[in-house]
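Submitted below is the structure of interest, expressed as C-alpha cells.
By written order: A, B, C and D. Residues from 1 in each chain.
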Amino acid sequence: MKDKDIIKLKEQVYDANMALVRHKLVIFTFGNVSAIDRQKDVIAIKPSGVDYEKLKPQDMVLIDMDGNKLEEGLNPSSDTKTHIELYRAFENIRGVAHTHSRYATVFAQAILPIKCLGTTHADYFYGDIPCTEPITDSSIEGDYEKETGVLIIKTFKSLGLDYSHIKACLVGCHGSFTWGDSADDAVFASAILEEIAMQNLYTQLINPSVKSIKNTILDKHYKRKHGKDAYYGQKRSIYRAK
Amino acid sequence: MKDKDIIKLKEQVYDANMALVRHKLVIFTFGNVSAIDRQKDVIAIKPSGVDYEKLKPQDMVLIDMDGNKLEEGLNPSSDTKTHIELYRAFENIRGVAHTHSRYATVFAQAILPIKCLGTTHADYFYGDIPCTEPITDSSIEGDYEKETGVLIIKTFKSLGLDYSHIKACLVGCHGSFTWGDSADDAVFASAILEEIAMQNLYTQLINPSVKSIKNTILDKHYKRKHGKDAYYGQKRSIYRAK
Amino acid sequence: MKDKDIIKLKEQVYDANMALVRHKLVIFTFGNVSAIDRQKDVIAIKPSGVDYEKLKPQDMVLIDMDGNKLEEGLNPSSDTKTHIELYRAFENIRGVAHTHSRYATVFAQAILPIKCLGTTHADYFYGDIPCTEPITDSSIEGDYEKETGVLIIKTFKSLGLDYSHIKACLVGCHGSFTWGDSADDAVFASAILEEIAMQNLYTQLINPSVKSIKNTILDKHYKRKHGKDAYYGQKRSIYRAK
Amino acid sequence: MKDKDIIKLKEQVYDANMALVRHKLVIFTFGNVSAIDRQKDVIAIKPSGVDYEKLKPQDMVLIDMDGNKLEEGLNPSSDTKTHIELYRAFENIRGVAHTHSRYATVFAQAILPIKCLGTTHADYFYGDIPCTEPITDSSIEGDYEKETGVLIIKTFKSLGLDYSHIKACLVGCHGSFTWGDSADDAVFASAILEEIAMQNLYTQLINPSVKSIKNTILDKHYKRKHGKDAYYGQKRSIYRAK
C-alpha cells in the first residue's frame, strides 16, 4: 500500500519494535508491537520470527481486522490475533506491545498481580496490574492467540478495570501485553511495567508483608500526570519511548 | 537572567541532571536536580517532564524561594516545592536531587530505613538512612509537594539526625531525596545511596539477622573522610558526580 | 587442514565462541563451543585457556572422534572429551556449547532442574531442563571429562528425555552444556537457557509454591515453533545466535 | 624514581587499577591496587581519592615497606598499610587489590564466608573464601589500616589456610582484599571473587540447604588448573585481568 498514512504507520511500528531492543525488553525475536489506523481499520505489525537487526520499516506486515494480509510478503507475528482482539475490545487504543521482559514475566509465571507499591507505579498505572489465570485447555485447543486476547478482556471486565488507566495486563504463565495511544505509547507502558515489576519484586522480598499504597497517594500521583487536573509536564503527551 | 553566576548555576544543574542518566539513576523523565545561589536566593531546577536527551542548559528553570518563575519559558519540576522546603530548612545545602532509582526506591516502598551494614555506607553517610512514614491524607489534600519536604524535615528532627552528615532521606511509598554542597554533590549522594541500598538488600536476603555496624567502625570510616581529622584523599572535596 | 569445509567449520566455531562473549554468557576464558563435520568425523573446538579477545578463527583446534589433534598447534579445550561423548551419543547434533553462565550455574550449584514455568521456556525447550547428580568419585578419578559426558547421557536416558527437544543439561555443582544443529544453535540454546534460568529463579523466590506449566500450554508453544505443524516464523531455522 | 623497573611497576599498577573499572568492580574512587618490587622492596599504589578517569601512570605513589613516600607528589591510598601488612606476611605475593565490589561486599556485610559451591569457584580458589570477624575496637583505635591486614593474616592462620591457593579474604562489615603474582593477578582474583559471590548468593537463595562441594571435585578442578599436574591452558599463566 502506497498510502502516505500507512507508510507512516509502518515506520512508527518499526521504530516501536526497535525501541523494545533499546529498552532491553526483548532478546532475539521475543516480543512484537503493532499499531492501527482507526480510520482505515488497517493494522501494521512486526513479521514473525525476524531478527530485530535485520528488520526494515517496509517489512512491517499490513493486515485487516480479520487478520487477512493486505500485501504480499512476510507472515505477521504469530500473536497477531491477540492484538486484533485487543483493538476490537479496547476501542480507544491505537498501539499494542507484547514482550517476555524479565521481571514482568516473573510475575506472569508466578501468576501474581503487580500490586501498586509506590508512586513510580502510581505515576503511570491507576492501580494494580492484573494477571490472568492460565489459559484453559479448551482455549488452547481452539483459536489460541485470539483466546489469549479474550482472556485479557475478560480479566479486565471481571475486575472492573478501565483499560484507559491500566494499560497493561500479565497473562498467566506467559508474559505481558501493554497498549496505548500509539505503538510508541504501548512500548513506553512496557518499559514502565518492567521497571515497576523489578521494584515490586525486591520490595516484596525485603518486606513480604508490604501492602498496596492507599488510594489517596494513588489518586494524587496518577492525577498529577493524567486527566483534566494534571499539572505535570509541559502540556504535551508524556508518553514516549526512546 | 544574563547574570554570569546564574548562567553557571544553570549549567551546573543541567550537568547534574544529565549525570542522573549516566549513573543509571533515572529512566525517561524520572528524577530532577536543582541548585541554589544562596547570595541571590535563586534556584535553578529541571523543567517538568522533558526528556533528558532533549534537555539543554538554558532549559533549566529559574525560580525564587516562593516558587515564582523568574523568566518566561518551561514549567519547573512538579517536585519544586519539595526542593524549596529543603533549602529553607537545611540552611547549608546548595543542591538537591530526587530520583526513583531502583534499590533506593525498593526500601522506600518497603518503608524501611537503609541500615548501615558496612564501611561502604559509613564512608559517606554517618548512620542509617531514614525512611519517612507514608504522607498523611491531609498533607496530600494540602500542598502535597511542599508537605513532602516538611515530612522529610520532620523525620530528621524527630530522629535527631544531622542533615550535614546524612545527606539522604527515603520518602515512604515514593523514592529518595538527597542533597549536598552543590547539584553535583546531591547527585553523588544519590549514586552512593543506590549502591549501598543494593548491597544492603542482598545482605539482608542472605543474612536476615544482620545488624547495623558498631559505632566504632562507623566513626572510624566516616571521620577518615569527613571533618577536621580526615586523612582520606588529597585535601579537596571527595564529593563529585561523574 | 586446507579443506574448504573444515576452514568454514573453524570459522563457525570461532564465531560461536565469540557469541558467548557478546551474549554475556562467559567472562575471561570460561566456556567453550565446538562443532562437528559429520561426513568427515572432524571436530573443531576452542583452544584451552585462550582469551576471547586474542582468539582467531585459525586457532580453533581440529580433533578426531578419539580426541587426537589433527594439526600442530594449540591444545584443545580441557572439556573436549565431554563434547566428544555428546557427539557420540546424540547422533543428530552438530554443535556443543559449555558455559558457567550466571543463572544456569546457580541451578547447577543448587542441584535443581529448571522447571518449565512459562511460555518463554516452552517456546524453546520441550519440558524441564534436568540437572545431573554431582559426579561420582570413581568418575572423577577416572576419565573425568569423558565421564561428565557419560553422566549427561545417563541422566537423559534415566529420565526418558529426547535430546532433540531438550537441548540442554545442567551438570550438578558445575555448569551447563547445550547443543544444536550447529555451533551457533548450541550457543543460542545457552542464551535462552540463561534467560529462562533467571526468570525461573525470581519466579520461585516470589512464589515458592509455583509449579511447572500444564502439558497443554507446553505442547502448544513448543509445537508452534517446532515440528511439522509449526506456524511461527518465516519457514526457516529459528535458531540463531547473534 | 627514574629506574626502568619502577616505571614499569607504576604502569602495571595503573593498568590494574583501571581494570577494576573495566570489570565494574568499583565506582567513583572505591578500591585500590598495588604491586611490589621484591628486589627493591618498593611498592607502587593508587593515590588516595583520585578519580579513575583522571588517573595517570605517573600518579602511582611509591612507598617503602614502612609506608614512607619515596617521591614528592600525591598521598597514597588510605588503605596502604593493609597492603604492606599483606606483603610482609604473604611472602610470595607481588600484587594486592581492595574493592567494595557488590556481591563480595554483600558477604562481607553478612559476615559469611563464600562457600565453594561449584567448579567455577574450585577452578580458581582451593576452598571456601573466609570472612574475618568485625575488627575489634582496640584495633580501630590503634593503627586501623595496619590492623586490618593483621586481622586477615590472623584469620588465615587460625583456619589453617594457604594464601597461595586461596588468594582472597573478606573483611567483616567492610569489603574484599585479593592478591596474586602481580597487580594484574590480584585484580583477576577480585573479578573471579565477584562472579562466584554472585553465583553463591543466588544458589543459597534458591536452595538454602546447599553445602560446599566434596573435596574430590574441588581437588579435580583446582588441580586441573594449578600445580605440577595442571593440564588446562597452554602452559602459561592463566591469571590475567582484561
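Everything below uses one rule, namely that contacts are C-beta pairs under 8 Å (C-beta built on N, C-alpha and C of every residue); 3 or more make two chains touch, one makes a residue touch a chain.
Keep in mind the model is a prediction, meaning the values are calculated, not measured.
Enquirer: Indicate the lowest number of steps between subunit B and subunit C, counting one step per move to a touching chain.
Expert: Shortest path length, in steps: 2.
Enquirer: Superimpose the Cα trace of subunit A on the Cα trace of subunit B, which carries the same sequence, then give the rotation angle to the nearest 5°.
Expert: Subunit A sits rotated relative to subunit B by 90 degrees.
Enquirer: Could you classify the subunit C-subunit D contact as same or different, where same means more than half of all interface residue numbers appear on both copies?
Expert: Under half of the interface numbering overlaps between copies: different.
Enquirer: By mean C-alpha coordinates, which chain is most distant from subunit B?
Expert: C
Enquirer: Averaging only over C-alpha atoms, locate the centres of subunit A and subunit C and give their separation in whole Å.
Expert: Each chain's C-alpha centroid was found; their separation is 33 Å.
Enquirer: Do you know which subunit C residues sit against two or more other chains?
Expert: 205, in rising order.
Enquirer: Quick one: which chain pairs are touching?
Expert: Chain pairs that touch: A-B, A-C, B-D, C-D.
Enquirer: So in the complex, the part of subunit A that touches subunit C is made up of which residues?
Expert: Those residues of subunit A that touch subunit C are 27-30, 47-51, 53, 74-75, 78, 100, 102-103, 105-112, 134-135, 137, 140-141, 144, 173-175, 201, 204-205.
Enquirer: List the residues on subunit B that touch subunit D in their complex, please.
Expert: Going through subunit B, the ones touching subunit D are 117-120, 188, 191-192, 195, 198-200, 202-203, 205-207, 210, 213-214, 216-217, 220, 224, 231-234, 238, 240, 242.
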